[in-house]
């Protein structure tokens, strides 16, 4: 049994994007390498255009990579063609609870259909199985008879998670599962993911645009920008000691719930470049306060910035990752 | 905090909401006409085809509520039996295009590619001809008769259904629940039949309501031109045609069936609108 | 910036009630009930709530921008003393632009997609001032640059769909502020933006607020954004205000279990607190508000008394108000670390 449940090896996913009248190829994910260990909750964070959703879809087979391989439990996966067994082992939770459930069917029917097609559970036990899974996501079994439109966003999302757990998958890919929910409901779902990992041992690949959410939930985090991984490490280490200027900019941009927070609004400069016309060298250099000539000439590789104190693997794609002064950030007041 | 999330929420208790007015009004009109048609023998006292040359062109009276036509036949009876004929042919005529168009549209929308192109190009060709012209020509070529009417209408009408369903399918295809079904490895057939069609078919049903009106008009037009449902079955179009020569003296012979067509069309349109609104509420 | 009477609040909302008639129904359902608050000149007030709280409807009522089926059925909305709910259309029209203006959440739908963005700013400016085209164009350029639009000359000749979300938002702000309004209504203008762009827009709004001395009424579901922008805050739940006061006071020590719940549920990127707790249950839907305090089914401190009666804001001193009758119990449990 491999320690790594999922490996992305130098994968690139390319699309044709229409700009004006012409079509140009863009690499939504560009030579991405990362690994997810069995039983961990791995967070992938980025803003729009970062490529995080693209990676999620690649993993589950909704996209294909033009180069590189996706390896699941030691087995190299073919682009898009997935066996039934594989589909059982890898499930996805989508972002929008209002469109991820079929509006015309009751919840029970949607769940039993999956059991039927996969022939995973004998007919006589299907009802009990659905109720068991419902209990795992803290939903009352009476909701099985409901249709999606009769439920709130939070309930629908729990149903979506239940659907993903039906076949006891090894990997759950969650594509921004809480972004569309009210904050008071969001917390419950985040806690649910944590509980599912502890109770069921399921590995979770969690995509988010909100670093704060990831901090509460994930063991390790990777930050993406314009199709590339710019930093990756154990959560506590990455947040305490971010070594890529973009990660720092992200952390600084997040508004804090502190009383006099308006006295220190920090915002990075400029706009992200278009994926069709990326700057030479480092993609972040047009907005980076530390950029030098070298940044325009050479694209920085992911270098090891593991601190000798913690020994937890930490990588950042910046020429100056090891040389940047210590991050002071906004938590200094605490 | 692991207590079960409380359910059912108040949403589950179905609140009765009054159906749209258009649905009620349209439904009543159509319902009334359909009931009359079904119970024709009970609401009329004459045979629609029996000729009585002794009492032609009589005005309304206690014996003949709407009078008699030039051959002494009771107009009210012919009107009601005409409803039977025209409505039943129209309802049946709408079923084949509905079924064929829906399936082709769903396939075109979901699968795309060459199938989509093929279906849509055939549609473009057919639609280049005006509806009535094509139907009349086809009936003429096939020879007058009820089955010719069914065939002609089917050949021409399936396109609208195909287009409507194709459009809705294109949208539904990108909904996350369809992606979820694909991820589960569901077959294309299952996805189209179980997940796409139930969510898009309401559009086709609503359109079918107005299509029935179209079909009634087509049947009536064919009847007027002598290409319609073969005699002696009473037919509003034929009634209007034969009453034409008496327009100046006994205008009611043509006008009354005309009015029946308008009323039926109105009822179906309103009903279709109401249905659209009702389905849109969900 | 001198105001005629700086002691008079600029905007006073008093006992505002809004009803919604769902499609197909005849009976209207209350969506906002007895909402009262004020905005002083030069002040930024946050209106915070989640879905179903009624915050957007409240905001839109001020400028009369309610959709079909939604009506204000009671109360007053006083802007500089004039009741906007009863004012004739002409008064409202005159107010827009120089008196009150609004910034929306989705610039793609609130900017005209078939007009160049420069034209839209110019139109906004010329609506209130009789400028020549070239004067108006210069003003638009200046405004755009001031809003941080890079390469303004070029950008103004583009259409909305050619701009990024952040730029579109800057353009919309430029158009909204073209006539230096006294009060800016903001309907979640940064919710659809990436967090780094959101930070830029927040900083821009703060700078403009100081520079133009304008007041802001900022609707959002994001407590942290409110902390950055506003001095005072009104928390809404199920159509009513449940707590009100200074941002610093409210977040330090909430006086309402719902506010406490929101604070506890807001993820903390600095991980000062490791435990993230939500609020159990679901927010009631329109027309299904519980009797008594609307929050009681989800509240850990609710008692029998909370299940019936009227629950309006009560002054708790220090410029704060709360609709809760168990503030002491709330503070007790927070003090004991139950957070």
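For clarity, chains are labelled A, B and C in written order, and residue numbers in each chain start from 1.
To be clear about the criterion, a contact is a pair of C-beta atoms (placed from the backbone, for glycine too) under 8 Å apart; a residue touches a chain by one contact, two chains touch by 3 or more.
Since the structure is predicted, the reported quantities are computational estimates derived from the model, not experimental observations.
Looking at A-B and A-C, the interface holding more C-beta pairs in contact is that of A-C.
Relative to subunit A, the most remote chain by averaged C-alpha coordinates is B.
Between subunit A and subunit B, the centres computed from C-alpha atoms are 51 Å apart. Separating the CA-averaged centres of subunit A and subunit C is a span of 31 Å. Residue positions 152, 154-155, 188, 191 of subunit A are each in touch with at least two other chains.
Residue positions 1, 3, 5-6, 9, 11 of subunit B each touch two or more of the other chains. In subunit C, 277-278, 280, 282 are the positions where the chain touches two or more neighbouring chains simultaneously. Taken together, the subunit C residues at the contact with subunit B in this complex read 22-26, 277-278, 280-282, 284-285, 288.
Subunit B makes touch with subunit C in their complex at residues 1, 3, 5-6, 9-11, 17-20, 277, 281. Taken together, the subunit A residues at the contact with subunit C in this complex read 47-48, 152-155, 182-191, 209-213, 215-216, 239, 249-262, 265-272, 329-331, 334. Residue ranges on subunit B touching subunit A, taken from their complex, read 1-9, 11-12, 175-177, 179-186, 190, 194-195, 198-199, 282. Of all residues in subunit A, only 60-62, 82, 84, 87, 91-92, 94-96, 99-105, 113-114, 117-118, 135, 138-140, 142-143, 146, 149-152, 154-155, 158, 160, 163, 188, 191, 195 touch subunit B in the complex they form.
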